[in-house]
Amino acid sequence: MFPKNTWYVACTPDEIDGKPLGRTICNEQIVFFRAEQGKVAAVEDFCPHRGAPLSLGFVRNGQLVCGYHGLEMGCDGKCSSMPGQRVRGFPSIRAYPVVERHGFIWVWTGDATLADPDKIPELHWANNPDWAYGGGLYHVQCDYRLMVDNLMDLTHETYVHASSIGQPEIEEAAPETKVNGDEVITSRYMENISAPPFWQAALRGNNLADDVPVDRWQICRFTPPSHVMIEVGVAHAGKGGYDAPAEFKASSIVVDFITPETETSIWYFWGMARNFNPQDQALTDRIREGQGKIFAEDLDMLESQQRNLLKYADRQLLKLNIDGGGVQARRIIDRLLKEEATSSADTAVAS
Amino acid sequence: MFPKNTWYVACTPDEIDGKPLGRTICNEQIVFFRAEQGKVAAVEDFCPHRGAPLSLGFVRNGQLVCGYHGLEMGCDGKCSSMPGQRVRGFPSIRAYPVVERHGFIWVWTGDATLADPDKIPELHWANNPDWAYGGGLYHVQCDYRLMVDNLMDLTHETYVHASSIGQPEIEEAAPETKVNGDEVITSRYMENISAPPFWQAALRGNNLADDVPVDRWQICRFTPPSHVMIEVGVAHAGKGGYDAPAEFKASSIVVDFITPETETSIWYFWGMARNFNPQDQALTDRIREGQGKIFAEDLDMLESQQRNLLKYADRQLLKLNIDGGGVQARRIIDRLLKEEATSSADTAVAS
Amino acid sequence: MFPKNTWYVACTPDEIDGKPLGRTICNEQIVFFRAEQGKVAAVEDFCPHRGAPLSLGFVRNGQLVCGYHGLEMGCDGKCSSMPGQRVRGFPSIRAYPVVERHGFIWVWTGDATLADPDKIPELHWANNPDWAYGGGLYHVQCDYRLMVDNLMDLTHETYVHASSIGQPEIEEAAPETKVNGDEVITSRYMENISAPPFWQAALRGNNLADDVPVDRWQICRFTPPSHVMIEVGVAHAGKGGYDAPAEFKASSIVVDFITPETETSIWYFWGMARNFNPQDQALTDRIREGQGKIFAEDLDMLESQQRNLLKYADRQLLKLNIDGGGVQARRIIDRLLKEEATSSADTAVAS
């Protein structure tokens, strides 16, 4: 169960560079492509002629051409032409609202009349020359909410990421969870500790001593349907921690867009935005590589957890203080799901 | 759904050379082998002793010996002997009518009392020294009718086979479909065009200039249950096209026997019969290799189309003029299926 | 269907050396590990916190630590601690009776109150310096009873193992099956034959001539739920066969513990115990390697047979004299299953 009247990250621009991309999102099979003037478009991945996936075709003059018999599909889901055929009476396929913004392609899989681009989240670090961003995509076989849980409870770093960002001090510092409207914030502060390897490297990357005690913070922010932005960083101890002046700290924003493919699989867009040395592309690449390795450590755990939960479907899980972020996030998701169900029931009655 | 009271190509003789072959055809698990005097035989792939597949065994003195405990099976589905056992009371397994003809092994998976070898199609090019044949086998995950559609609408060559036999002139020339009893014929003629790479090579192979305009033809002939023979060729332009004298043309017959394995998978026997340079085995090999590469280009499209059709089970597909061959072929198939259903109902009443 | 109130071999000690082992046995997902003082323990492979498999974690101070968020599980299925948490109210998970004996870890997947370690079979060759043992583990996709059938009817050696231990004389000598309480014994004796390659090597390994006629024996002993011990050997012909003095024979015990994973898959622990040259580790390794190759020859046959039986679910199989061992073994298994069903019904009534 996932909200459909919402914007999900569907892909990154490079994925539709010169060719269409077929991708299932919220159980909808969609093909993404660049239509006229480079505008992004998304339609069902189904040719109305003989049912071939349009994603096996190519783009010509802004039209998506079926690779089987040449039917040309427009960005509105209407066939624009086909060699030797009159296409006026051809059935349309579904077109999906789609927007390119902040370096991502966003798609709306629900009621198209409600698709307001203003609902796409503001990302203050995107399109800002003081910030750099690098990231990647993982295809993971788990319910999107398990990934939200994972990201809202960083206690797992001590175990899953013991050699990079994990350290015992994380689980020793109790987190605090607050709900602010549709936002859930789980924060954890650790003072006067030694920096783990990843943060030592970040300190060096920011031209700071890496062998002195630091204050460390993790501020996880969930917003629906399944975005998690995490402010993370370290400052030389006693300089103010999270509020320390820039010259004493290395910090960044862990960026997580979790897009359901099916009930038990996701497209996981992960990355990191930083506001130090933003022009240093080599540093961006190095951070992405390091983050990619660390985030890959979660995948086996999440997929194994998912398989276990399917087998033990009746078991209740614990909801400890460390699970507060995930628990609150699920409450918001549940409320949105209920609203969607009510709203579509209303529509059914009205029509 | 496929007709069962009909002959399907099961395998080629080399596939049962020295060992049995297990193959599922029309959902029947069958083992093919050479019985006494090299006569081909086909029985259920199930040993009545402990259920092992007989195809894991071997042939000895014309009997199929189970590779688990040595039960010997005859070509009639009756156990002929077993070490240390009296076999008279052993249950029989099903034997299938099977005929070796025209370089193929043909099997009848329906009512054996109706299996008339005279119903095996005549192939004038087989067993004829003026003709050469080369071909291969692909295992494809699609409904056999999707492959019939594919072969009866060669418009797809422009897209799927753009670099070999495809050219824009194909889709610009409207095909014509005729039904002649149980035969469906879809023809397309293109005049004064340049030959695509495959046909340039064929012209050279026939000692003809390959850089002059040609007339090209494609005459697809469907006969039930799922055989498609396609007369294809080019002639130097203005020499009479399809009817041009042999010294001005290169032509051949594309041979397609499509045998259902299950509702959504097939054994696809493809090949080419030609009547020029029939003794040139190297040419035969070269053509087979080229055809194999071209025909492999269809597989991903057909399997993707099949998956799409299973997901969008309720969608109606278009039936355009280019689809006429496939549409008419399905009508004939549907009639045969209906006749089979009626006939077996009659049998049920009578018995 | 498999008895659950019984001891199954779960794993060998090396498999839980320094790390936990997750393994499904009788449809139960279990994690095995060494708890305090090296005592073996087995609990459900499910962390009560968030459902992660505990087998992805590690052992610390005899506690099984979840690799996701650090919950510590004791060998009794009760959470012993968790960083920053009070664990008293945490739900327990199931603990399984488990015993390390005879070089194997044994688990009881049924009613724990009935788990009597004295019911673990005595293995006279284990823990005995006059004997050596070597073996391995195969994961096979078949019903455990098909493997019992296989081992109680060695006729198959003539076919499946033709190049190593098979020989026509096996199927020419009729076996005899006796039932002795819960034990089924199938014996076969062959006199004055030539030794097949495996036994020639064993004769040489025992410093005996390998090119003289031998007497050969195979005595298969089934005990429930699914253990099969086979006394096998050859003696120089005329020296007394099975009863010949040690200096004229090479013999050993084929050891088979067949542990159901699911209804159609098993953990197959195979090996060989011998009482000649027991200190010769190189010989042990050589025998294990040879046996491993021979026993691997059965797997394709058994998995193919299993698939066939699932497809032909309604067919009755033959029960010949050679099948007597398997047939009697199934009778005992069926009786045990019936007793278990009755006993649990009684319990239900009583409670």
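Letters A, B and C mark the chains as written, and numbering starts fresh at 1 in each.
Here, a contact is a pair of C-beta atoms (placed from the backbone, for glycine too) under 8 Å apart; a residue touches a chain by one contact, two chains touch by 3 or more.
Computed from a predicted model, the values in this text were never measured in an experiment.
Novice: Tell me the rotation angle, 0 to 180 degrees, that brings the C-alpha atoms of chain A onto chain C, to the nearest 5.
Specialist: Between chain A and chain C the superposing rotation measures out at 120 degrees.
Novice: Same or different interface residues for chain A and chain B, judged by whether over half of the residue numbers are used by both?
Specialist: Mostly different residues form this interface, as fewer than half of the numbers used are common to both chains.
Novice: If you average the Cα atoms of chain A and of chain B to get two centres, how far apart are those centres in Å?
Specialist: 48
Novice: What positions in chain B touch 2 or more of the other chains?
Specialist: Touching at least two other chains: none.
Novice: In their complex, what parts of chain C are in touch with chain B?
Specialist: 149, 153, 155-156, 158-160, 171-172, 174, 300-301, 304-305, 308-309, 311-312, 315-318, 320-323
Novice: Which residues of chain A touch chain B in the complex?
Specialist: 29, 45-46, 48-53, 56-57, 65-70, 82-85, 90-91
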